[in-house]
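In the two assemblies presented below, chain A is common to both, partnered first by chain B and then by chain C.
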Partner chain A sequence: MSSEIFWQSMVNGLTMGMIYVLIALGLTLLYSIMHIVNFAHGEIYMLGGFVSYFLVTRLGFSYFLSLPMAMVVLFMLGIVLEKLFFSRVRGNFMHCLLVTLGISLIFQSLGWTFFGTEDVNVPSPISGVIKFGIIFIPKQRLLSALIGLFLVGLLYLLISKTKIGRHMRAIEQDSEAAELFGVNINLVNMVALGIGFALAAVGGALIGAIFVLNPSIGLVPMLKAFVIIIMGGLGSIGGCIVAGLLLGVIDSVIATLLGANLAYAVAFAILILIIIVRPRGFAGHA
Partner chain B sequence: MIRFIRMSIVGSMGVYLLLSMSFAPSPAAQDIFKFVSIAPLSGAAAGWGIPANRSYRYVFDDYHKKGGLLVGGKHYKIELIEYDNKYQTSETMTLLNKAIFGDKVKFLTVMGQHNCVVAAPICETNKILHYAYASGGEELTNTKFPFTFRMMNSNSIGPILYYPEVMKQFGVKTIALVNPDDEGGYTTARVDKRVAEMLDPSPKIIAEEYYVRGTQDFTPVILRVMAKKPDLIDMGISSPGDTGLFLKQLGEAGYTGLHMNSASIVTTDVVWKAAGQYAKGHFIIGAFAEPPTPEFDALTKRYLKEFGGTAVPIIVYDGYESINALLMAIEKAKTFDTTAVAETLGDLSWKGLFGPARWMGKEKILGYGINRSMCHPYPMCRIGEGGKVEKWMLKSLPLEK
Partner chain C sequence: MLRNNRAKYLGLFTILVLIFILPLWIKNLYIIHIFIMMYLNIVLAMGLTAIFKAGALSFGHAAYAGIGAYTSVLLVTMLQVPFWVAFLLAGVVTALIALFIGGITLGVRGIYFTITTFALTEVLKGIYIAYPNPFGGPGGIRGIPPPPGIETKGEFYYLVLFFALISFFTFYRMAHSRSSFGILCDGLKLNELLEESLGINTKAVRIIVFVVGCAFAGFAGSIMAHYLRQINPETFAIHTSIDIIVFCAAGGFGSISGAVIGATGLTMIGELLYGIGAYKSLVFGAMLIVIVLFLPGGVMGFVSQRSIKRISKKKGVDHVSPT
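== the complex of A and B ==
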């Protein structure tokens, strides 16, 4: 592999990794605060993409406006789902698992019915590439990575500097104690679910402009998000970022070097190794 | 009184049944020729199966207007039996058995290369005339399968006709092959390599890459291909969706060389939607920028009038052309005996929707050893602004015998 190809695949991996981080952060947030393993996360990501697509193509909104709007729509959906389903099965792992699986199947079936089978692409005003020496970076990918980075920073500030963030951390450490100290568990859960969904939604909207959207696109990013949160350590934002970028680079470099099928194998082999050697991931709690 | 009414009703029904049984014509007396179509009518590939069946019905309707299929002095009504194989081999096998042993048909069509490959040996053993609506090469068209006819140009035709042209006009010397990671993709790459070796001058195949259908991020494959610096990237049998996404990412990666689909007929607006300007100039096989004959134009208008839309799937034209040829051969052979019909059909040449057409395969460059693959003029066009099909060239193998 020439250095040109190597650096090109590194950059590709880092930009894609940043988008995976967004999806994984939502997933880790739901797990650490609500103890929900959300198997519908891929479908939330898909819905985010389609909301952006419909806002841009049918309602004439600008692509940049469609990103926060998709986040708001899916944030609201998160609140509705929390009220309707998650609040009723909270604390029962198996029930939560089955509810998320059910939601995943329902959303996917509805997607095929309402969005159709044809692949669609979110039209973006950003096109073309930027050339850095020997490296080409598509502007859309660069923009998506920067937006991802910005949102990760925002999430960090929210969790470390705000009252709701402190409450989230308190629930993560000991939910009963947090409740005794007056933390409104229901409200925090709703906000956490909404934020998790909003992050997945913006991931879908960003990917929808780079690749294509169809109702089944959620599966692979969701699997990657699971790999990332286990590698990074459940509940750790820092670990999630490191693992996401690492997975993006492994994915890209191995696929370029040896083919896409082997990239999956290598990623999951690393995951198994981490589970055996360091079950709490790079930065998870013991 | 009620008893009397009951008795009268039952009695009348009995008389009616007896009369119907005595005077209804038996199925044999209706002179029906049954033809089975095993094609995807549901699922993702239904977009191929449904239009194909419509084209068969058009041919049958045209024959019915003439009084029916004339065989041995008798006119036969043609009955199309449509089965949905969901584009799956297991379904195809079940339906094939039902058609051969249940419906007792001697003529049928199967859609999809993977389905035809498993159907062919059964059809051959039972001397069923098997119309294979499938791409591919020698695995379907060979001397062991005299009853199997490929209803469309084989995958070899694109490279045979147009590799020399891009070499001549654009100085192409090296080609990279990119295909889906399945039987169709491997067959296409094998055929392309064989054709490239036989051409003189011969282009050099410098890369052979495969991807999983529905891949989103093609960048790794693109980087591997670009590292070899090919003059032309042939996406072979790639679908329109995969082609569009590949072209978008290929353009974003800075590739400025030529690219084509030499085997699959891609829908240009799907490619354009995904790739936009990066699709411009892409070579596409089998798409017509203008009708090659008035008959082609008439079929286009007929189809659009009945089913709407802006373009007729190319599968409709090949379906019409090949089924029409089959009926011509049956009338010419004056029998439904499949051995006689297969011999007559294999020797048939005619003027059809595309112009001159015949079955080929014995030619050295094709290498099938038997004339069982449909050949007619096959265009190579280019994608223009907005996904418009722009005329480039219309060539064919020598169709005059």
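== the complex of A and C ==
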């Protein structure tokens, strides 16, 4: 592997890693606040991509406007699902898992029915590459990584500076005590689910402009996001970002060297290694 | 009470006789095929139910069937190992891999185990595809020889039936609340800390159940491969694992007989929905949610709740819902 290809795949990995971070942050948020492991997260990501696709191609919105709109749509979906399903199974870990699995099956099936089986691409107004020395960065990837970075910053501010963020942290520490102190758990859960879904949605919309969309694209990024949240430590935002970027880079280098199918195997080996060596991840608390 | 039991045993005996003579009066090979697949599904569902009962939420049961299938097929086709030896080794290899995965992940938080088992399925699929030699790549392996002496569907029917009965007795002994091991399993769910304080190694109990459940999945995978005579990475992908979870959910996760009923009913329904592939996951997904929200005990829970209501009405006791 020449150094050119190496640096190129490093950069590709970092930009992809930033999108994985968005997906994984949603997952870790849902886990730490609602104790839900969302097996439908991949489908939410897929839906986000398709919402953006339909807004741009059928309704003529600009790509940049479609990103926040996809987030809003999936935020609403999150609130509806929380009201309909998750609020009823709160506290039962197994039932939560099974409900998310059911939702994933339903969305995937509806996806095949309504979106068809052909790969589509979200048309983006940005094209071309920027040259940095020996490496080329497609502008779309650079933009996606920057948007990802911006949203991560926004999430950080929301959690650390606002009232609802304070309530989220309180629930994460001890939900019963938080409730006693007047935290509205239902509201916070709804917002957390909405934010988690919105982050996945924008991830899908960004990927949809880089690669292709079809109803089954959600699985692989979701599996990588699972690995990331365990690597980074469940519930840790900082750990999640570091792990996401690291996995993005490892993934991209391995995929260039050995092919994409073995990149899963390497990610899985990392997962096993982390569980053996440091089960609480890079930054998680015990 | 005695008469009730006698009726129950008579009913079971009749069903047993009927399934034993089934190939004699049904000549339609497609129906025999559905029954064979149904028995294999039942074995997978029983194994997963036992694992769930022990509090280990495995989301990748099909992966272990896949390990068994590939092991046995590669041994037979590449090393000319006799089928029965390969069959046994398929179970052993599957059990060893399950021991490795379970040993590492069952000690830490439950979610690690679920995520690892879920991810393992996709990883194995990636490996099968990435290495056409020896795994056959995306197309899988074709032309797998059947076991010696068992070539027709009728012969396979009895092999699979015999295997399913052995599995049933194994899991029934293991997970049933009245066997000594079953009590240990129930204890894991009721109060693991208390059980541990009584000097029972709860992690070991959980690992044993997981390994035995997976070993039987490996056996089932081996039989399935030699019956279908071809396997490919998709056969044992995540959707198969999810199917097995739905079978167990329909049976209520609580009892081995529930798993049998769930797998039987849903194999039939799945077969009916076969032509409209995309709707199968719609129906299964909706079923999963409806069961969790409204019938958390599955079919068996529904039946036992009804019978409790009936008995309490007869005896004039207030209805107490089982928790």
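Operating definition for what follows: the second predicted complex is superposed on the first by the 286 of 286 C-alpha atoms of A that agree within 3 Å, B and C clash if a C-alpha of one lies under 4 Å from a C-alpha of the other, contacts with A are read in each partner's own complex, and residues count from 1 in each chain.
Quick note on the criterion: contacts are C-beta pairs under 8 Å (C-beta built on N, C-alpha and C of every residue); 3 or more make two chains touch, one makes a residue touch a chain.
Just so we're clear, the structure is a prediction, and the values are computed from it rather than from any experiment.
Annotation: superposed three-chain arrangement on chain A; chain B versus chain C shows no clash, the two fitting side by side. Contacts of A:Asp119 after superposition: chain B is touched, whereas chain C is not reached.
By the touch criterion stated above, A:Leu234 is placed in contact with chain C alone, chain B being left untouched. Legend: residue contacts after superposition of the two complexes on their common chain; A:Lys131 is shown touching chain B, with no touch to chain C. In the superposition on chain A, contact of A:His95 is made with chain C only, not with chain B.
By the touch criterion defined above, A:Val37 lies against chain C but remains apart from chain B after alignment on the C-alpha atoms of chain A.
Looking at the shared chain after the overlay, A:Asn261 reaches both chain B and chain C. Which of chain B and chain C touches more residues of chain A: that partner is C.
In the superposition on chain A, A:Ile276 makes contact with chain C only, not with chain B. Using the contact criterion defined above for the overlaid structures, shared-chain residue A:Ser9 touches chain B, although it does not reach chain C. The gap separating chain B from chain C in the superposed three-chain model is 5 Å, by closest C-alpha atoms.
On chain A, the patch touched by chain B and the patch touched by chain C overlap at residues 220, 259-261, 263. Of all residues in chain A, only 1-2, 5, 8-9, 12, 16, 117-121, 127-129, 131, 136, 138, 141, 207, 211-212, 217, 220, 252, 255-256, 259-261, 263 touch chain B in the complex they form. Residue ranges of chain A in contact with chain C, taken from their complex: 31, 37, 39, 85, 88-89, 93-95, 97-99, 101-106, 108-110, 112-113, 219-220, 223, 226-227, 230, 234, 258-265, 267-268, 271-272, 275-276, 279. Across the complex, chain C meets chain A through its residues 52, 57, 59, 104-105, 108-112, 114-116, 118-120, 122-123, 126-127, 129-130, 238, 242, 245, 249, 253, 278-282, 284-289, 291-293, 296. For chain B in complex with chain A, the touching residues are 44, 181, 210-212, 215-217, 219-221, 223-224, 226-227, 241, 244-245, 249, 252-254, 270, 273-274, 276-277.
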